[in-house]
Amino acid sequence: MPLIKIDDKEIEVEKGITVLQAAIDERIEIPYYCYHPALSIVGSCRMCLVEIEGMPKLQVSCNTTIGELPPERKKDGKYDMIVRTQTEIVKRERENVLEFLLLNHPLDCPVCDQAGECYLQDYSYKYGRAHSRFLEEKRVRKNEYLGSNVIINHNRCIMCTRCVRFTREISGTNELFVQARGDVSKISIFEDKSLDNMLAGNVIDICPVGALLSTDYIHKNRFWNLEAKKSICTDCSVGCNILVYSQNNRIYRLNARENHNVNGYFICDIGRYGFHRYEDAEKVTSPLIRSDGGFKPISWEGALKEIYEQFSMSMSGEKQQIVGIASPFHTNESLFMFGRLMNNIFKDKSIIGKLPFIEDYEIHFDSGFRISKDRSPNRKGLLDFCPNLEDEILQKVKAGEVRLCYALDDGVDRKLDEEWESFFKSQRFLVVQTYAMTPLAKLAHLILLGPSPMEREGTMTNDQGRIQWLNPSVSLTNKTRPDWEIIMEFMNTVGKRELKYTSVNEVNLEMGERFPDYRGRTFFKIGYQGLPKKNITTSRPSEGRQAIQ
Amino acid sequence: MASFEPILTRHIHREDSHTLSGYKNVGGYKALEKMFKTMAPDEVIEEVNASNLRGRGGAGFPTGVKWGFIPKDSHKPTYLICNADESEPGTFKDRLLLNKTPHMMLEGMIISSYAIDCHLAFIYIRGEFYQEHKILEKAVEEAYATNLLGNDILGSGFDLEVVIHRGAGAYICGEEMGLIESLEGKRGWPRIKPPFPAIEGYLRCPTIVSNVETLACLPHILNRGADWFKSIGSEKGSGPKLYCISGRVNNPGVYEEPLGILLTDLIFKRGGGLIDGRELKAVFPGGSSSAILRADEIDGLRMDFDSLSAAKTMLGSAGIIVMDETVDMVSVCLNIARFYAHESCGQCTPCREGTTWLVKILNRIYQGNGSLNDIDMIFEITDNIGGLIDFSKGSFGKTICPFGEAVAWPIRSFVEKFKDEFIAYVAKGVEVS
Amino acid sequence: MAQNRTFKFTNPQRVEKILSQYPDKRSATLPLLHLAQEQEGYLTSAAIEAVAELVEIHPGEMMDTVSFYTMFYTKPMGKNHVQVCQTLSCSLNGADSLVDHISEKYKIAHGDVSQDGKISLVKVECLGSCDTAPVIRINDSNYESMTVEKFDKIVESI
Amino acid sequence: MATVVTSYEPTFWDKLYIPALFQGLMLTLKHMFKKKVTIQYPDEKHVPPEGYRGLHRLNKYPDGRIRCVACEMCAAACPAHCIHIVPGPSPWEEGKERYPVRFDIDLLRCIFCGFCEMACPEKAIELTEIYDFADYSREGLWIDKAGLLEIYELTKDKNFYDNSNEE
């Protein structure tokens, strides 16, 4: 293990990593633009120059690998490399490079969406010179559409080519390229071959300045107004790690969050723009009960009383009388409570089913990124907590025998086919727990107001068996109750239990007690990076390196 | 110095010098036969090392040492690329060789390939050299026809294919990494080093890139021995060298002289002095990328790698551009700056943005709108693109390839050495306004 | 500008030969582009796509390469494509007056094609004939030690 | 060093108090003939000096475009959180590509500190000299974009109160 010194810090590093990487690992700041840990190294921005003892000129730290020196040639008797990042000459060099970068960069931070999270802005402030010596007119070009969701502002582009390398190395689609050469070069697309792949949105994330803009977010808000919540994506069973940016409980955008066990540095566009589906859905604002062909609001107490009445009627019969429809869109905690309700309270009088899983085509990128064909986030959790799931519930359940059907809502874009529609229609009393007026909710007799996917809190198990924390990115609206709480009230009402969980953590602990695979997988332990289930040692080998930017 | 007889250009005046028979008549391909019969590849490398042959493309790196960098235990194929992408303003020596004795270079290529165990060699020729391309194609065809190329060359068991690859108009493709990228069919953006091409070059395989003139020297070294080669010129750089003289001289052209000849001899004797007997004002000793020299600086200056770096300039491609007293230095400087701005590949920040900025400032001065401040700024900008030029400590290059230095050196030297002219332009502007 | 929507090499053997010379397909990019340009006079989008398909890369990447080099044209040039060297040695020996003469005579600026499509003018960087400056390149031939009169004569003769 | 303080010992005339009484009456008399300071508000209006921080306005370019680009720097700088902006793409072809779709100021919260004016990179928001904008309802003191632009029209050429005096 080579021992190096960066400024005053002695660091032991892996052989063969670069100086920049060693510095990033140690949280020593070396500014850079063109480097990205997932992409190949080009060393063109010249921002990460550092002084290395024994080298006549400044070196780009992104392309300087650390090797081991023979004992007699070690610097100061023990170091394999001595790096200085804060000397006068290095600082002057940063100032110079920034001056060049800013020559033609417009000073339109007030208009730019990147302002506040822009590394050109930050480093200019930190290392740049206060005044421009450039007297000529700046280069001005018109904005262009690169794809249906991506706009480029050529004026702001600093030609780091991260986006071009992304399309070549990660998405493998090659749409972007550099047109022409020298100072007139620009990022471009070939005629009608626009940037419209499944990962296109990531180029906006990796652009270190505000050159690549999302049509979805452009001119919508300012970065400092937004609150970032670390959560996971619920649009497929990969469970990509994301950052959800919101203000006043309204979500403005999603960004990828690094997790080398799951998604690396990127997310797909399905997840990135998926939150609009929940926004656009027709919302339910209060528990509702069917009356005169429509719905009318009802209080929670009223709703629970209604359930109790229907239930006490149903318990008198002999045959199976309770049908539960579980859903892979819910958290482990809700599904655990649901399983308990069905299996422990209704016991053999109940039957648990599910709507058919939503499946689409599976997408694999050569870079290792994947989008699962299973487009529900928690199929693993559903199977774990409802082990006696009945696959052919449509055949098993005969109309007229069921007194009460309790369905958890499914994905917002769930459509019901005829068979299922007639199944639900035939129910004498259908309780649906939902947040939106889905086709299923429209058939309900009683709607219990649960949280939307962005309001839910709990754990999810992805298709690799990794347990991850679904962190609520917006808070619950007035009358909404957490899913587990609704089921708990259900249990207390009909099962005469006296469960008094006050938070999802307590449910999580109880869940760990009863399911050994999940023991010790508390929010505190799984953190923001998740942990595999107990019986799985590794879900996916961790590779790749962290990036500050 | 003993009287010098041209070596590379000795027979170029013959009508048939570019044909195979013409070349063979004057002793061509003898070195090849000798090498196949008597020498092992390692011995060839040793011989070249002993001859102290330094690359003629501009950087002056010892050729034998470069060959030695190729990893011995590599399973990858080795490639040789002949760099015939001669684009340096004021340089036209390779063009002459390609035109007149393409076989000499081919022979050098075969020798070099044999030494580094390469079986596929490329000639990257400048896109603008259309006629030369035709001549070269013919020469390669002839060589294939007479088993000088192809399988089992001259019964030695050594195979070599040669492919001529035409460039398409980019100065930067003369830089070895840019050239390799261009050969791979990509834009000619120089790749970052390390790894160096001798380790990972074309298709990530070991690759040697050599200048036409360097390769043309090889047959002579093998023919007459390293000691003979070493005896020509000075100690620090030996061998014959092609000097290109252009600009305001009576007899512009390519002249072959040993390394270390006096610059004044070249200009006044070979070049025939200045047009109309005018006074010499300034001269580029090594193409437009070298720092310019004032007339009073060239007395006793010898044309070799080390003497010129001592004079804070470089031999480069030995393209001597002569300027007389009537030449306006500001406009020349602008011309040079514009050339580099046009040819900058646009990869590294300082070069992409800095070259255009220089043009804008110089243009402003030229139009009479400059200020004294601008002159100081040119110093700073050139330093920022190409590094602080301190020859005692080496240059502090700041870009991926040496293009940054190639911009900075001449422009800086212009402003440094002809500051009064720049100031005059500024003053003129002030008067007008 | 009407673009050919399809493109086919008229000399497939030549294409085969070029492709066979290189250890990988992509290296054949430049020769194939030259070939396509010789055939059409300039590189149409269809030609770029055809070459991209031959060397198995995305047309975008091909455009990346094409746009880098000054000798590839993506729009039609004049029948006589005049390229005037304007780098130092030529400029010292009067290239600028040549450019002025041509642009005045044919009413074209740098990069333009004359109305009748016969002449197009570009200023290029060093053509490597500094000893015989100024140099002009018309299509593929160099004309050295040019003067205004000489130029007119040459253009007439072509 | 200690300082010796001697207390003032009143003289005979001082003890009479009559000169002092006349002195006071003289001062009163003097002011009877001076110009009066009191302003008969609201019939008459005080004209605030340059730099007075009153009601806000949103500036425009001569061609009618709003200067504001909705960068929300004013909102960020505002200590009272009284500025509410909804940005959007600008409807004009020329100029900056962003503009405020809504720009509301809650005047009841505003403390007229002028930070917004200082924070503005486009010189778009400015405080005017208008101080009398009382209203009967809370809603009336929620000024929107149209209102702010109207204030600009009223104050762009001359002092708001000078204007009213002339008429």
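Read from first to last, the chains carry the letters A, B, C and D; within each, the first residue is number 1.
Assume contacts are C-beta pairs under 8 Å (C-beta built on N, C-alpha and C of every residue); 3 or more make two chains touch, one makes a residue touch a chain.
Note that this is a predicted model, so its numbers are computed, not measured.
Among the remaining chains, D is positioned farthest from chain C, on the basis of C-alpha centroids.
Spacing of chain A relative to chain B, judged by their CA centroids, is 54 angstrom. For the pair chain B and chain C, the distance between C-alpha centroids works out to 25 Å. Each chain gets a centre from the mean of its Cα atoms; for chain B and chain D, those two points are 73 Å apart.
Taking the mean of the C-alpha atoms as each chain's centre, chain A and chain C sit 50 Å apart. The residues of chain A that reach two or more other chains are 178, 180-181, listed in rising order.
In chain C, 57, 61, 64, 67-68 are the positions where the chain touches two or more neighbouring chains simultaneously. Not a single residue in chain D touches at least two other chains.
The touch graph of the protein chains shown belongs to none of the named shapes.
Chain contact summary for the complex, chain A toward chain D: residues 108-111, 115, 143, 218-222, 224-225. Interface of chain A with chain C (complex): residues 168, 173-181, 188-191, 193. For chain C in complex with chain A, the residues that touch the partner chain are 45, 48, 57-64, 67-68.
Within the complex formed with chain A, the residues of chain B that make contact are 170, 187, 189, 192, 194, 341-350, 352-357, 360, 364, 377, 384, 387, 393-400. Partner chain B is touched in their complex by these residues of chain A: 41-47, 49, 56-58, 60, 63, 93, 96-97, 99-101, 103-104, 133-136, 158-159, 178, 180-185.
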